[in-house]
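Below you will find the structure I want to go over with you.
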Amino acid sequence: MKSIGIIGGTGYTGGELARILSLHPDVKIAAMTSRQNAGQKVCSLQPNLKGYTDIEFTESIPESADVDLVFVATPHGAAMKIVPGLMERGIKAIDLSGDYRLHDIQLYEKWYGHQHTDPDNLEKAVYGLPEFYRGNISKADLVANPGCYATSAILPLAPLMRSGLVDGTVFVDGKSGTSGAGMNPSPRLHHPTCGESVIPYSVGMHRHTPEIEAVVGDISGKGADVLFVPHLVPIVRGIISACYVRLSEEADQEKLDGIYRKAYDGEFFVDYVKEPSIRAVVASNHAQVASHADGGSAVAFGVLDNLVKGASGQAVQCMNLMLGLEEKEGLKSPGLGV
Amino acid sequence: MKSIGIIGGTGYTGGELARILSLHPDVKIAAMTSRQNAGQKVCSLQPNLKGYTDIEFTESIPESADVDLVFVATPHGAAMKIVPGLMERGIKAIDLSGDYRLHDIQLYEKWYGHQHTDPDNLEKAVYGLPEFYRGNISKADLVANPGCYATSAILPLAPLMRSGLVDGTVFVDGKSGTSGAGMNPSPRLHHPTCGESVIPYSVGMHRHTPEIEAVVGDISGKGADVLFVPHLVPIVRGIISACYVRLSEEADQEKLDGIYRKAYDGEFFVDYVKEPSIRAVVASNHAQVASHADGGSAVAFGVLDNLVKGASGQAVQCMNLMLGLEEKEGLKSPGLGV
Amino acid sequence: MKSIGIIGGTGYTGGELARILSLHPDVKIAAMTSRQNAGQKVCSLQPNLKGYTDIEFTESIPESADVDLVFVATPHGAAMKIVPGLMERGIKAIDLSGDYRLHDIQLYEKWYGHQHTDPDNLEKAVYGLPEFYRGNISKADLVANPGCYATSAILPLAPLMRSGLVDGTVFVDGKSGTSGAGMNPSPRLHHPTCGESVIPYSVGMHRHTPEIEAVVGDISGKGADVLFVPHLVPIVRGIISACYVRLSEEADQEKLDGIYRKAYDGEFFVDYVKEPSIRAVVASNHAQVASHADGGSAVAFGVLDNLVKGASGQAVQCMNLMLGLEEKEGLKSPGLGV
Amino acid sequence: MKSIGIIGGTGYTGGELARILSLHPDVKIAAMTSRQNAGQKVCSLQPNLKGYTDIEFTESIPESADVDLVFVATPHGAAMKIVPGLMERGIKAIDLSGDYRLHDIQLYEKWYGHQHTDPDNLEKAVYGLPEFYRGNISKADLVANPGCYATSAILPLAPLMRSGLVDGTVFVDGKSGTSGAGMNPSPRLHHPTCGESVIPYSVGMHRHTPEIEAVVGDISGKGADVLFVPHLVPIVRGIISACYVRLSEEADQEKLDGIYRKAYDGEFFVDYVKEPSIRAVVASNHAQVASHADGGSAVAFGVLDNLVKGASGQAVQCMNLMLGLEEKEGLKSPGLGV
């Protein structure tokens, strides 16, 4: 039985980690931190966990807690203050923020707007997308858990880019449920504003842009140029991203099918389908990829639950690898379907 | 052409007043106030009004503005600081907050939790429900515009109570779209919280409870005891309230139909229907009432758009009466249907 | 390892049974029927089950399949044609339709509008609400799985009725997500009709009315008279029902709390809470009950996921009891929370 | 006062025409047809129109009705059976189906899958997008009203294409509210399917693809190659389309702003904005266009209410032109905003 800590337990990704881990047969949550709720039971704030966990929030992970791995579920900028201490104590860590995703420190500082204070760990952090970095994750002390939009775009884009078929700029049109924006109320997330609307935001300026470019570039061995436009859609959970590309030579559907089947046929959590469906994956760690060839162009889709495969589920998948557990453990649960 | 002011122009009811009045043939908006947006064009904050109004927000209604009537669209507690000044200047006013709805000052202070500082005007304020107080509204200097839930409950309850058929406590189950809660983001209005849920709140403690009791009591001449439970539903506009009553004697559907037809057959804005539908009235000043007899009990429904017949549209209906204009002017527009 | 059949596998409750059972450690699905899809893989129609079940739909449960229990997930009227054959073959059955819920055959025929052709089994069917009929379910050959609305009303009503505090007619205002209406498209379930609306339907005439009356009456030992008004709300999963009652004597909150704590403190799947939340239970077999005392009246709430505790999850809970398995097995999974 | 007929009055676009025309000062609806509802009052099926129109559905436009113009709001394929008769009677017509939008008859038959039986009128039909074909519409006897998606894509694409800046294939990612799919229930429009999802459909095969290509090509004088992917989003009204293009030379925001301001500064119904918003235009005939320059690429947005500027409102705009009325008459009404 492995012992786990969660730093930043009140947010949506922290809560989702607790929900998933409460069913994991091989780990137990030893500590869950929340500054404003220290001393309160976790299930008093997250009543869905009543009967599943009895622990209380603490200010920090107690020195006495002999934890094997810590999830850092704090905002960007806060994580890089916390991770160095964990590394020094010899505790493995998975950071769910963006602090360790971009290895190029200039790129980080440009897109995140502040200095990176932990360049040493940044260098050795492994990008936590198991379908492409399984081996490195297994050996890592620090994993940077991918962004939700980024995962939904990299899964369809990486195999296509790697095939050498893609020519020039890639357009990613992302549509995300509102839980992706976190638990803090804001004008855009106010129901009267977003409940009957579809709202593009951070057009061309969203921080997942360089993440998609860097990771797709790394996987494919080719520089990637991405124009990414996220949209808020009035659903709670789920992302679907449409990736539009021009092809260097005409390709038919069979060719695209071959590329994706080769990439994902052995992957339990990525399903290559004809008709992508958010409802098929919601509440699960499963993702779907689909594609459509259109002569000299193509569109490829990535679909997932932003809080599971797009965040906490993927983090648990990485945890399993890092702790030598079966990769699927605690995550074998189908999407809701309806 | 009458000249109108709106105090508190940035909120939803202020914006809705501007939208409705921009099409009114007999009035013009002379001034619209907003402390934080003074100097900015109204249509820069409310882009739907571009091409319909060119005025700028001001700090207050200028002394020079020779206005005939002012809508006070500020929060509870703020309105009663503003109304006395208007009355002194001889300007008619319609208050959209709750400050002048409860004539019983003790009741106000109990439910609103603060002192009432303008008892003189409270005494002479007329409740702005034209279907029942048309004559008084026409002569009033100060009108207290009804609450959205209150209107949705009074319209079905008042005729039934007046008939003498109702026995004892009345249960009102209200379901409101989220725009009824105003434009300030809050945890309950955060889309991930309310977007796929139905949330009861202020159970038995909502401020429209004494308003419904007082007005229904006044119209029917009988004391009313109401248990009111509002629910937030994931739609933007619209309220439907179900009012459950026991009857002092068994009544069939024909009897109920007769009571409601007599009450509303001559009313342009209240339609007595078999199957109530929010979509039929949304974006309009129309309301619907329906009823179902069930032996010794009955349920009656009230349906309306919370921002129109539940707030700004009803206020304009009152304005028409107060200024000697045709009651329907500027409000003759059907609901969207779809 | 027990062997299970599902008759009527293409509907929502059939699919939900498959989803839940695919994770159950002690049973396997031996057969799943669908006339129109016989020969096709279940996961080709329900892609969320890919990787979880590999079986194909069959026309009927094969004679060769040595099944221990069959779920009948067909429409009302069809189930009573199927159950007799199962009973004759000595196969335990759980019927998810309304065919075996009302022991009074006249009542059945009045509310369902057709003759009951299996009065013998009707007589011995046990109502499948484990919190109140655990012992009988354990010994039953045939269980009538409760209706979704009925469960959401009986859980809050039964303890209160049993206390003797309730006086006269009870009003139940139900609000259900759209999946409760099944998978067949219809005008009311058409998104443009219901997506931004709240729609009361079958007012006073819904078939769960006599079910609530009969079961609450049986549990409490007192005749129950219910006026039930269901509403369609624009969410996919989830029911919340508000039950309004008058009390035979004034009761304070403490008294109500005592009644409900006594009823549910030992129940894993029913949680008595202060603030009921659909999101806390959605996708789980958990239900919540809450209450509010208001002098001589009270309101009590029941909350659940209509497809889980309101249908397939509750059926699996009954199955566990009938097969001598641990009651919670396969159902220990928290609600989504967000 | 002009006299108007509506053929196909029960569908969403027919109902929306009636809603809009009921407020138009210069026209009256002389006849509204519906085969299945002939003899019934229009407002008995569309209760929002009660008090606004008193006419009954008829089987067909009576010979005696001296109508000036007829809207044909029937499905594709049916319209081309009706229009020839109207032309022979010398009645102007606006067809809201796709039957007269594609002048290339081969293209029509390829995309619509059946023969075109009225090639003569096809040839002289004018595409009803007033912002680009105002003069021709004014002189036309037959106008083909644009598709909803097509309008949302042509408005942002046409000025950019015309500038000569666009290089190669254009990607259009459309997101539409569900009312765009019409009033017939279907599995995709079933609330449990689409209510918490975003569903791409007809990928690369939607009939608005050749319409966008033809019209943008005609306006810009340059051949257009479009890959169009429509998505169903869970809102009732509203479309937002994102159009992704590569540029033949790098362009900054100022350059794009100049292009769009020149195109739309004089247009009352098309607003070039920084932040596009469905809520700002919903329930109105207004559209919004926005753009974002990203070096060698760009994205441009088109936003409108699919039933108004995307269908019936635009048709009334064309009617005004065809009948010599003021173009904005009956359409001067702001979007809801909230």
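Chains: A, B, C and D, in written order; residue numbering restarts at 1 for each.
To be clear about the criterion, contacts are C-beta pairs under 8 Å (C-beta built on N, C-alpha and C of every residue); 3 or more make two chains touch, one makes a residue touch a chain.
Quantities reported herein were computed from a predicted structural model and do not represent experimental measurements.
Compared with subunit B, which chain's mean CA position is the farthest off?
Most distant chain from subunit B: A.
Name the chain pair with more contacting C-beta pairs, choosing from C-D and A-D.
Spelling it out, more C-beta pairs touch across A-D than across the other pair.
Centroid from C-alpha atoms only, then distance subunit A to subunit C, rounded to Å. What do you get?
Once rounded, the distance between the two centres reads 36 Å.
When the C-alpha atoms of subunit C and subunit D are each averaged to a single point, how far apart are the two points in Å?
45
What is the distance, in whole Å, between the centres of subunit A and subunit D, each centre taken as the mean of its C-alpha atoms?
One centre to the other, that is 39 Å.
For subunit B, what residues touch not just one other chain but two or more?
Residue numbers touching two or more other chains: 12, 179, 183, 192, 196, 234-237, 277, 279, 338.
Please give the residue numbers of subunit D that touch subunit A in the complex, ascending.
168-169, 171, 173, 175, 192-193, 196-200, 203-204, 227, 229, 231, 233-238, 240, 242, 244, 246, 276-279, 282, 292, 294, 296-297, 299, 301, 338
State the interface residues of subunit B toward subunit D in the complex, per the touch definition above.
12, 15-16, 19, 22-23, 46-52, 179, 183, 196, 236-237, 268, 271, 273, 277, 279-281, 283-284, 286, 288, 307, 332-338
Okay, in this complex, where on subunit D does subunit C touch?
Where subunit D meets subunit C, its residues are 12, 177-179, 181, 183-187, 189-192, 194-196, 234-236.
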